[in-house]
Amino acid sequence: MEKRLSETVEIEVRFSEVDSMKVVWHGNYMQYFEDGREAFGRKYGLDYLTIYGQGYFVPVVDIAFHYRKPMEYGRKALLTVTYRPCEAAKILFDYEIKDSETGEVLTTGSSVQVFMDRNYQLEVSSPAFYKEWKKRWL
Amino acid sequence: MEKRLSETVEIEVRFSEVDSMKVVWHGNYMQYFEDGREAFGRKYGLDYLTIYGQGYFVPVVDIAFHYRKPMEYGRKALLTVTYRPCEAAKILFDYEIKDSETGEVLTTGSSVQVFMDRNYQLEVSSPAFYKEWKKRWL
Amino acid sequence: MEKRLSETVEIEVRFSEVDSMKVVWHGNYMQYFEDGREAFGRKYGLDYLTIYGQGYFVPVVDIAFHYRKPMEYGRKALLTVTYRPCEAAKILFDYEIKDSETGEVLTTGSSVQVFMDRNYQLEVSSPAFYKEWKKRWL
Amino acid sequence: MEKRLSETVEIEVRFSEVDSMKVVWHGNYMQYFEDGREAFGRKYGLDYLTIYGQGYFVPVVDIAFHYRKPMEYGRKALLTVTYRPCEAAKILFDYEIKDSETGEVLTTGSSVQVFMDRNYQLEVSSPAFYKEWKKRWL
């Protein structure tokens, strides 16, 4: 089995992220996943600013969440973002949030990003820097 | 083809919802979809407060977004939320955001909610009020 | 007493805006106030897009909130935004949120905006269009 | 001059916090200030959970922001939250955000919190635990 590229960040639930059912409002996981993508990006040189510096945006075109167990205020959890290799001009990630102490899986998900140039034109082929990035890391 | 239950709400993009790429940050669609669910709920008597009054929560357990075209500040769009019937103790919705003028589809998605009682116990069978609701509307 | 320019918008508290104390998280009032400013702007031709079209940004430099009574999910309230005339190159607003039914004052506040040109340079004198706007409306 | 109690936290601006003017939307500072209050609370035993364990809520009743210089994506800044002693049954804080490298002051502010018991009744006198806390730390 090939080794996957991944990064793990800690999630500390804030008071304002918890709703009247005393658990994190499901919509807040969008921000957790983006924090995870950016942490992965900083680790592997694939963060928004680096990509922008190369002349591209990487908008999210698909994202999905599966909520198994909720998180309450003060909960500490770990989000692992794993890069899923593919041939297309896309960036695929899988996400897993686990309780820091028990390791119980709380939430999973996946996302797809594509490349757009500075004129918001979709890139149908991987930009040169991304091909280089894949050669370097995969 | 059976007639589907649906409700349509207008989305008016706010300044703060738009990011530095001048389009709505993808994470904000979680709120649009929830606004749509609540509008559907008010139309058909299946909103959070009514369900809570019956003794249940309806947490989202799955949600997915497919972003085709972005929305910028001031854009007016229509979100249609359609109920998808199923046999299980779940509430399924499909979402479609279209430009108010052109009708172009901008974003689609789907969600799944389950029933939990006030003690946060999952209901494996449809609560009585939900069976009545289905009889009434489907 | 001179007649003040003002606009009133309805606030309908969303589920996600309410915290674990079952009232609107105080931070969400920033968005309510901005919604109010933009509604005032659309009524009097002083909204962000119009101002931007004239070549300016109007960043908020001061804002203050006084919370008297909280709002819970489903509460309907009215926010009135009133323009406070001044000689300087500033836009001053006073805010008041009242319960739609009882008229009880729930929250008050104020804000100050200044003018910056497209190069983010502060305008120390009122832009021409703002002087014209004042002549027209005050 | 008496030594003031304070805590400093790092702010790392996220992509989603930045608006179409490429600076942090002013409304997001509500969350920064709350993060600062909670960090102060964890340092001195005056965080939301500890206070709640004593039987109280500490809702914000006043908060004000003065924005001098904006922050853009990727900016690193330091927020210092300083406790301002007072005789009343209130918790007063002053805030200062400075650039991590230059020390330039970017934003300042202040807030006032009061004590409410679990029945949402305002405490006009300092709760016993707060008097003890003041004796311990001031």
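Every chain is named by a letter (A, B, C and D) in the order it is written, and numbering of its residues begins at 1.
Keep in mind that, in the parts below, a contact is a pair of C-beta atoms (placed from the backbone, for glycine too) under 8 Å apart; a residue touches a chain by one contact, two chains touch by 3 or more.
What you see is a predicted model; the values in this text were computed from it and never measured.
J.: Relative to subunit D, which chain has the most distant C-alpha mean position?
T.: B
J.: How many angstrom lie between the centres of subunit B and subunit D, each centre taken as the mean Cα position?
T.: Chain centroid spacing, subunit B to subunit D, equals 35 Å.
J.: Using mean C-alpha positions as chain centres, tell me how far subunit C is from subunit D in Å, no decimals.
T.: 24
J.: With chain centres taken as the means of their Cα atoms, state the distance from subunit A to subunit D in Å.
T.: Inter-chain centre distance comes to 30 Å.
J.: Touching at least two other chains at once: which residues of subunit D meet that condition?
T.: 15-16, 27, 31, 34, 73
J.: Which of line, ring, star, complete or other matches the graph of chains that touch?
T.: If you draw each chain as a dot and join those that touch, every dot ends up joined to every other.
J.: Using the touch definition up top, name the residues of subunit B that touch subunit A in the complex.
T.: 21, 23, 26-27, 30-31, 34, 57, 59-68, 70
J.: Under the stated contact criterion, what part of subunit D meets subunit A in this complex?
T.: 14-16, 31, 34-35, 38, 48-49, 73-74
J.: Within the complex, which stretch of subunit C touches subunit A?
T.: For subunit C paired with subunit A, touching residues are 15-16, 18-20, 22, 25, 27, 73.
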